[in-house]
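Multiple structures are listed underneath, in structure tokens.
Two complexes, one shared chain (chain A), two partners (chain B, chain C).
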Partner chain A sequence: MQAILSWQLLFAALVTGSIYVLVALGLNLVYGTMRLLNVAHGDMVMIGAYVSYWLFTLSGLSPLLSMLIAAALTAALGALAYVGLFRRLLANRQLVQRLEGNSLLLFFGISIVIQNLASLAFDSTPRAYQYLDRVVAIGNLGITENRLAALIVTGILSLVIVLFLRFHIYGLAIKALMQHREAATVVGIDVERVQILSFCIGFGVAGLAGALLSMMEQITPFMGFPFTIAAFVVVILGGLGNLLGGMAAGLLLGILETYGVALTSPSLRSVLIYGVFILVLLVRPQGLLGGKRVVR
Partner chain B sequence: MIGRWTIPLIVALAAACGVPFVAGDYLIGVALSLAMWIALTESWILLSGLTGYVSLGHVVFYGLGAYVGILLWGEVGGVLAVGGAGLASGVFALAVGYPALRVRGPYFVMLTFGLAEFCKYIVIDVEAGLGQFSRLLLGGPSVLQLYYVVLGLAAAATALTFFVARSRLGYALRAIRENEEAAETVGVPVAFCKLAAFALSAIIPGMVGALMVARSSYFEPSQVFDPIVSFTIVTMAIIGGSDDARGPFLGAALLVLLSEILWARAPQVYMILLGILLIAFVLFAPGGITGRLLSRPVKVKP
Partner chain C sequence: MKRRWLLSLMAGLALMAAASAQAADPVRIGFAISKTGLFAAGTGSQFDTYNFWKDQVNARGGLDVKGVKRPIEFVWYDDQSDPGKAVQIYEKLITSDKVDLLLAPWGTPAHIAVSGVVERYKFPMVGDSAASVKLRELKPGNLWFTTAVMPDRFGPVIADALKANGLKTVAVLTPQLPFALEVKSFLMPALKKNDIEVKVNEEYPPSIKDMTSLLINVKNANPDAVLVFSYPADSTLYMKQARENGIAAPFQFVMVGATESWFTKQFGAATDGIVTMGHWSPKVAAWKKAQPFFDAYEKQFHEAPDYLDSALAYMSCEILEQAVAKAGLDKDGIRKEISTETFETINGPVKFNGVENATTPASLLQIQGKSMELIWPPSIATAKFEKKPAWPAN
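And then the complex of A and B:
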């Protein structure tokens, strides 16, 4: 009981939750602006994690710097996926009729390709490295520096994104597209450009989250899917286009997972995540679009 | 349609029965794989092809059947074990389908995937709790016997999908796919039809799962619940064309061939090709091979 009530666990929950917040954010953007269900989203986390892993092991570059490279690379992949595949999907009148389903199948294909390319290139043994793993004491809370750094970075980045969407002209354009596509076109928003931007931000943020994650956990080519699932839970719970809701939901899921595992056993982690996922879908069968849409 | 396709199918079935007389063990094994995938994909089409409720978790029935099969085989013998596996899968589908089929479109797709993974981890945890990480099945049937049984199931699955597609239920299911609200309005018992299709599509995969455990004489939860199985089924159906019973033959033949060439040597390359095929067919030929090559020109919806 002592362990359950400790600050230690709360901190771990916050770190996990903050990573979920970042990952879910990208999913929210891509779904919100284009109705594309990106089930390959977690694989961007994996790519970001490998970028930081290799840069650190080969050249000793700090993950706190290489996360920018990871973000740039995954953002570029996002632009590539949009230009190469999804622009075509969105332009095809027949395919658009079942846009969500078709986008899901496409992203699923992409996910399989990426995972297996990664497993071909890096083999599937779990990898990890040590960086900033000294324990610092704050009061009677002992935490590793890398977790603290991850929490600070995710906090700052979330704030930046919220401000971007609230005040920047392109942030406002993204929100306009989420709210009402036709109206956004009418007022002269360059839909094409905003869609590429959504892909880039969404994928880039996921890549950055992966870079942060690589400091703290083992990475494998197949680590992405649980993050996709978690991100869907967060987006469904938090509400489409509702970024503040998404943040609350991300932290909630982090807490749920961390405490759930602490109360039962680590082997139940996957059961827990998938259980919550199933429950959320069953309770909200109308999916992301159901109920009120609040764009904040 | 019946006249045009019945004869080639019967010829194919007869030829398949003759395979063991002319082929060696290796080819019988390949034919067994082919029959297995046809059985699985035909079952999938009964649900997902006809209703548009795309299941990305069909492996759950296969895995459940395998689990029930390995638990029962030593106790009650092969025939009852396979029957029990099919029954268990069907009952499971009824129980799960009731809440799950309220979930629409892409959310159903994700739900089925999540459900299959959920069951996988549950079985892994149960087995770990029992101290079992894998189980062996000794004294199972020969590959030849298995081949004929699975071939029979493939034929049964094809016939089932074929006849359901042309029955009242089949038209109801297609109506649900095109517009569920409209179907309900004109009096189609939507919930019942969906549930019936779900259960029907679960029974044969359950039996196949039990038989495949007998083939490998080895049971490991993460192997029989491998999401790759679901993924392969969907890809086969989409490559072949998922609106009727013909599609899976082409899709399954193509992928089994590909897998024989690549799986043992380079499984990742095989999976990458699978992913690329899926992407290409969704984007460029959503009707699959049958939709694109064998049918009349696609009607363009206004």
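And then the complex of A and C:
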């Protein structure tokens, strides 16, 4: 019982949760605006992690700086995927009907290609480096600096994105597109531009999350898939396309996972996560905060 | 007369050509290894060592097959850390690739899985990075465990080492994997026999991503020893989070990963004092082939061999090589040879009793500063156990 009240556990829960928030945010953005199910999302996390790893090992560049490069690179990949693949699909009225299913298959293929290219280029040896590796003791609580840094960065970034969506003209346009696609077009929103922006932000945030993760975890070409799964769970818990709901659900999942495991057993981790997931779908199929797809 | 002479010369030349063609025919050796997936982090040294052995043998002119030297050629596939895939691969190696010999995959789950295949095709295979009492009880005839850390020997050895060093309480963390669980099942009664109190006893899934809740319990229990029967991924996790949580036990054991070069590279001074599983060291003078192996390996790879997996992989190659030199490629001959003979290896003489290496003692290694020392049992120890110093600040 002592464990439950420990600050250490709360910190672990927040770190796990904040990474989920960030990864799920990008996935949700792409789904919310275009109804595309990006199962290659976790692979953007992986690419971001490799970018930071290589920049740190080769030139000593801090991952807190290289995360911007990682984000830019994955954002560019997002733009490329949009222009090369999805623009045409989104423009075709007949194909749009089947877009959710088709995008799932397309992204699945992309995911396999990316993973295997990464495996070919970097081989599958897990890699890691040490950065901000000191343990800071605050009373009884030990915090590794890089985990603290990740928590702070995710916090700031989530706030920035929330503010962007609430106040910036493009943020409002993204929300408009999520709420009602046709109406958004009618009132003169440049749908094309907003879609490409969503792709860039969505992919970029995933790359940035990867850069943060690279400080804390081992990197392999196949590290992304569990994050894709976690992101889907978070997004569906929070309500598909509901960004604030997704953020809350990300934190909730981190807390649920950490405390659930502490209260029961680490063997029950998956049971807990998917158990709650199924329960929520049964009781509130629209997600915890998913009302009538209203984004405030 | 002249024509007949010419004919016989030609026939002779043709025969010689055929013979030399046969001599140059490669011996094809097949295996699967986890290049991807959960265990990928742990398999590098086994794979490198297989290749190292192949290059050495080929540089000597080839594998001695009953007096005829033939070059070695590998046929290998990635089993993706999936024992089911390993089964398919060994079936394919035997039936479709028609390899001449087999080397073992990585880890106990894959060994257990392919044991059925080698049994069905009566294809002898010397195992290495694996051991299972349960499998031993089934008395397989075509698989041998080169390792000395058979769970029923290794569990009690750990308890003895704790007792001898005056450690009275222990926390045990075990991933749900066959070898780890078997070791634990033999450790627990041994701890009881030695009056060592188990303060924490938890199991966790091998894919665990966060150990904080387990380590908070360990910290609160404040045991003399922490035994984590971990594999590379969770060994890494333990190293990070034990430091963050300030686990201060003088005896901290992680099972797999700590003997590999990336481990010390990744954790630097934090590895000082970590105890791990292993039964080989180049420093034991009685093992005459050990130091030359160490030197040659270090020269080629610019890093020390893995004291556990490189040693095991090389031993299994040595055993196979010596068996083939006497029995050729005949499966029955190889099986008989391995079951009955004593083999000279880098880990001293090895003789099998049933499937088990009956000669090499089960033992523990400790990282002391930058060197790796055998600390238990005293008969082969290269240094005494030292208490783990406090985790470095960075």
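Convention: the second predicted complex is superposed on the first by the 255 of 296 C-alpha atoms of A that agree within 3 Å, B and C clash if a C-alpha of one lies under 4 Å from a C-alpha of the other, contacts with A are read in each partner's own complex, and residues count from 1 in each chain.
Assume contacts are C-beta pairs under 8 Å (C-beta built on N, C-alpha and C of every residue); 3 or more make two chains touch, one makes a residue touch a chain.
This is a predicted model, so every value here is computed, not measured.
J.: Quick check on the superposed pair: does A:Ser267 touch chain B, chain C, both, or neither? Answer first, second, both or neither.
T.: Once the two structures are laid over each other on A, A:Ser267 reaches both partners.
J.: In the superposed arrangement, which partner chain does A:Leu281 touch: chain B (first), chain C (second), both, or neither?
T.: It touches chain B, and chain C stays clear.
J.: So, A:Phe222: does it touch chain B (first), chain C (second), both, or neither?
T.: So A:Phe222 only meets chain C here.
J.: I'd like to know which partner A:Val113 touches here: chain B for first, chain C for second, both or neither.
T.: A:Val113 sits against chain B, while chain C stays out of touch.
J.: Does chain B (first) or chain C (second) touch A:Arg88, or do both, or does neither?
T.: The answer is first: A:Arg88 touches chain B but not chain C.
J.: Kindly classify A:Gly155 by the partners it touches after superposition: chain B alone (first), chain C alone (second), both, or neither?
T.: neither
J.: Can you list the residues of chain A that meet both chain B and chain C?
T.: Residues 119, 267, 270, which sit in both footprints.
J.: Which residues, counting only chain A, touch chain B once they are in their complex?
T.: Residues of chain A touching chain B: 37, 39, 85, 88-89, 92, 94-95, 97-98, 100-106, 108-113, 115-117, 119-120, 229, 232, 267-268, 270-271, 274-275, 277-278, 281-282, 285-288.
J.: Quick check: in the complex, which residue numbers of chain A touch chain C?
T.: Those residues of chain A that touch chain C are 2-3, 6, 8-9, 12, 16, 119, 123-126, 128, 130, 133-135, 137, 142-144, 147, 216, 218, 220-222, 226, 257-258, 261-262, 265-267, 269-270.
J.: In their complex, what parts of chain C are in touch with chain A?
T.: 35-37, 40-41, 44, 176, 202-205, 208-214, 216-217, 220, 232-233, 236, 240, 243-246, 262, 266, 268, 391, 393-394
J.: Tell me, which parts of chain B touch chain A in their complex?
T.: By the definition above, chain B touches chain A via 52, 54, 56, 99-100, 102-107, 109-111, 114-115, 117-118, 121-122, 124-125, 128, 231, 234, 238, 268-269, 271-272, 274-279, 282-283, 286, 300-301.
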